[in-house]
Amino acid sequence: MIQQFIDQAPIFFTLNNGLYWLRALMTTLSMALIGCVVGFIFGFVLVYFRTSPIPWLLPLRALLIAYVEIFRRIPFLVLTFLILFASRGFGFQLSLFWVACVTIVLIATAYIAEIIRAGIEAVHRNQWECADVMNFSRARTMLYVIVPQSWVFIVPPAFSYFIMFIKETSLTSQIGTMELMSAGKYFNSIGISPVMAYGTCLLLYFALSYPLTRLGRRIEVRLKNRFKGNMATLSASDQ
Amino acid sequence: MSYTFQWGVAFDYLPYLLGGALVTLHLTFLGFLAGLIIGITTAVAQVYGSPLMQRTANIYVVFFTNTPSLVTAFFIFFGLPEFGILLSPYLCILINLALNAGAFLADVFRSGIQSVKTAEMEAAEIMGFSLFQKVQYVIAPHIAKTLYPPISNLYIIFILGSALASIFGVEEITGRAFNVDSETFRSIEIYSIAATIYVLLTFAASFALALVGRYVFRVKARMF
Amino acid sequence: MTQLEINGLFAEYSPSLPILEDVSLKIETGEIISIIGPSGSGKSTILRVLVGLLHPSQGHVIVNGTEVNYKSPSALKSMRDTMAMVFQQFNLFQNMSVLRNVMIAPLKIKKEPEAEVEARAKEYLEIMGLGEKFDAYPDQLSGGQQQRVALARALALRPKILLLDEVTSALDPEMVNEVLDAIRVLSTKGITLIIVSHEMAFVREVSDRVIMMDDGKVVEIGTPDEIFTAAKTQRCRDFISNIIQH
């Protein structure tokens, strides 16, 4: 096997190949980023309407709750296939990249909505009542009081979901998107040994995930320090 | 709309697809169980092991928690034959699941072990408990209760993660969906049904786990 | 002149959990009313109903001659413009500095000009003895300081009626006095005060009238002297003698 490594090394370690890997890595990262950012925005909108006290919005609220519960329980791979075939079946010629992004948005919205909801509920009820009594509208209360205090509960888990999605994008290689995993498959198919091809793949995913995980922990510590002391929240459980 | 739905065709294959759920449960149950053993061992190594053991355990955990399950599966599936080891796809996926689960579970167990109050541990130390006895009488009961919810949660996540077994030919839910799709080309219907099976399966699993948690471990949790 | 009139008020959290039963009272402008009684007697609930956090199941609340319709959002809004409330704890918005806490409602909700709002906020904070703490955040302040900021914040809204719901009950004993001093200052400003408190000596000193409640009903209303030394009802006498024992 070492012999194989020595034989293949010159073919493998070229600048072109390096750029190929880099492009694939960028695709992976951008899919995850777009999916999570859009999912975050949708998540907020979803939670805002889901917790609305307006009575005639009840059917909408039920729908939103159902959405979150369902889309947190569909495997990424299955949803990817579903989106691919559904979009083609109904005449939308989405590129594979966008099929992947749509899948991530759909799942990320569900997961992040749950995180946001938990974060907002962790802020003490009195904060709502104080704002209420001072004639704050619901929107203003969320904007000025509740959401700023819920960041410390929302950002750490949301960030770790972002990192999880970077790894989940590897599944989109199954529908043919040109991301990091499919780069590994490509190199394996042109004769590079699987150990080298997938090994490089593993290392690159690691290079994405590990630093971000460390960064996430630093952010979490920073946020927690910002609000030390008698914070108006229920006790937050550490992950 | 240029796609005409033919749900009837898809529903003919429902028993076959549901059979896949059994394979999924079988696969995840065994894999997760192996993962539990690996996880506890790793966690104990991380907290109480020699520096070398700690190093090895840490590398293992950090590696598997920062790499996608699919890629490690490919590595195992295509890489092992390079070393002369030939295993069935099912076994490859099982090993992959166990190793991945083990790493995530090790993190959970480690935080559980570290949360056992030092006073309890010191009392056990003074009474002359060996490491094994400490685990048995002090650590295990405490963490069984605290860690049950996160561990159940991880199991559900791994049920969803088992879908990638289909890529290697294992005939669990997604794998069977893929087969039916190749035969009938009713893709949207088939994969919708597969998705529904996963949703119902995970609801049922969460419920069952919550029941077990409530009566065996006395853990109060939402029944969903 | 009667500013606030409560007639036959009933309230409940659910049909099986009644809290207030047939509560009636009249409050004059500028009066200082204290409500005392055992826990669960409904003292805080009256305040919560007044400010609209709980809807009454029966009865009327009349402010300055106009009945308040708690079901109408605009009526609720204008009533909250005349009333301000300070809670037992977690009053302050933890993500804002002290000054911003006091400024935010007049600025963003009442849309008053910033310079004016800021000057007023600083003035009230100084009256409350917090002139040095404009830029501090709530988690850097002691409980007593936080409650004083909450009082300043309530004042900055220029309410006609100020409701104080057991504002010292959650404080360490050493900090109770500083907050009571702050309330003494408030009592000279001519605002109608409705105070729910366990601090009997303070209640006796500062109130124009005292209301004793038990089990959701008004047991007795009278001047501090009447209630504390010569209560007319047995229940009230029992309550007072139990308190004074301590």
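First chain written, first letter: the chains are A, B and C, and each begins at residue 1.
One rule holds for everything that comes next: a contact is a pair of C-beta atoms (placed from the backbone, for glycine too) under 8 Å apart; a residue touches a chain by one contact, two chains touch by 3 or more.
Computed from a predicted model, the values in this text were never measured in an experiment.
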| task | Find out how few touching-chain steps suffice to connect chain B with chain C. | result | 2
| request: Go through A-C and A-B and name the pair with more C-beta contacts between its chains. | output: A-B
| Most distant chain from chain C by Cα centroid | B
| request: Go ahead and note the Å separation of the Cα centroids belonging to chain B and chain C. | output: 55
| said: I'd like the Å distance between the centres of chain A and chain C, where a centre is the mean of that chain's Cα atoms. | reply: 46
| request: Using mean C-alpha positions as chain centres, tell me how far chain A is from chain B in Å, no decimals. | output: 20
| request: Would you pick out the residues of chain A that each touch at least 2 other chains? | output: none
| task | Write out the stretch or stretches of chain A touching chain B in their complex. | result | 1, 69-70, 73-79, 81-82, 85-86, 89-91, 167-168, 170-171, 173-174, 181, 184-185, 188, 193-195, 198-199, 201-202, 205-206, 209-210, 213, 238
| Across the complex, what residues on chain B touch chain A? | 1-3, 62-63, 65-72, 74-75, 78-79, 82-83, 111, 156, 160-164, 166-167, 173-174, 177, 187-188, 191-192, 194-195, 198-199, 202-203, 224
| message | Give the list of chain C residues in touch with chain A in this complex. | response | 51-53, 77, 80-81, 83-85, 87, 89-96, 104-105, 108-110, 138-140, 143, 157
| request: Show which residues of chain A lie in contact with chain C when the two form their complex. | output: 124, 126-127, 129-136, 140, 144-145, 148-149, 227-232
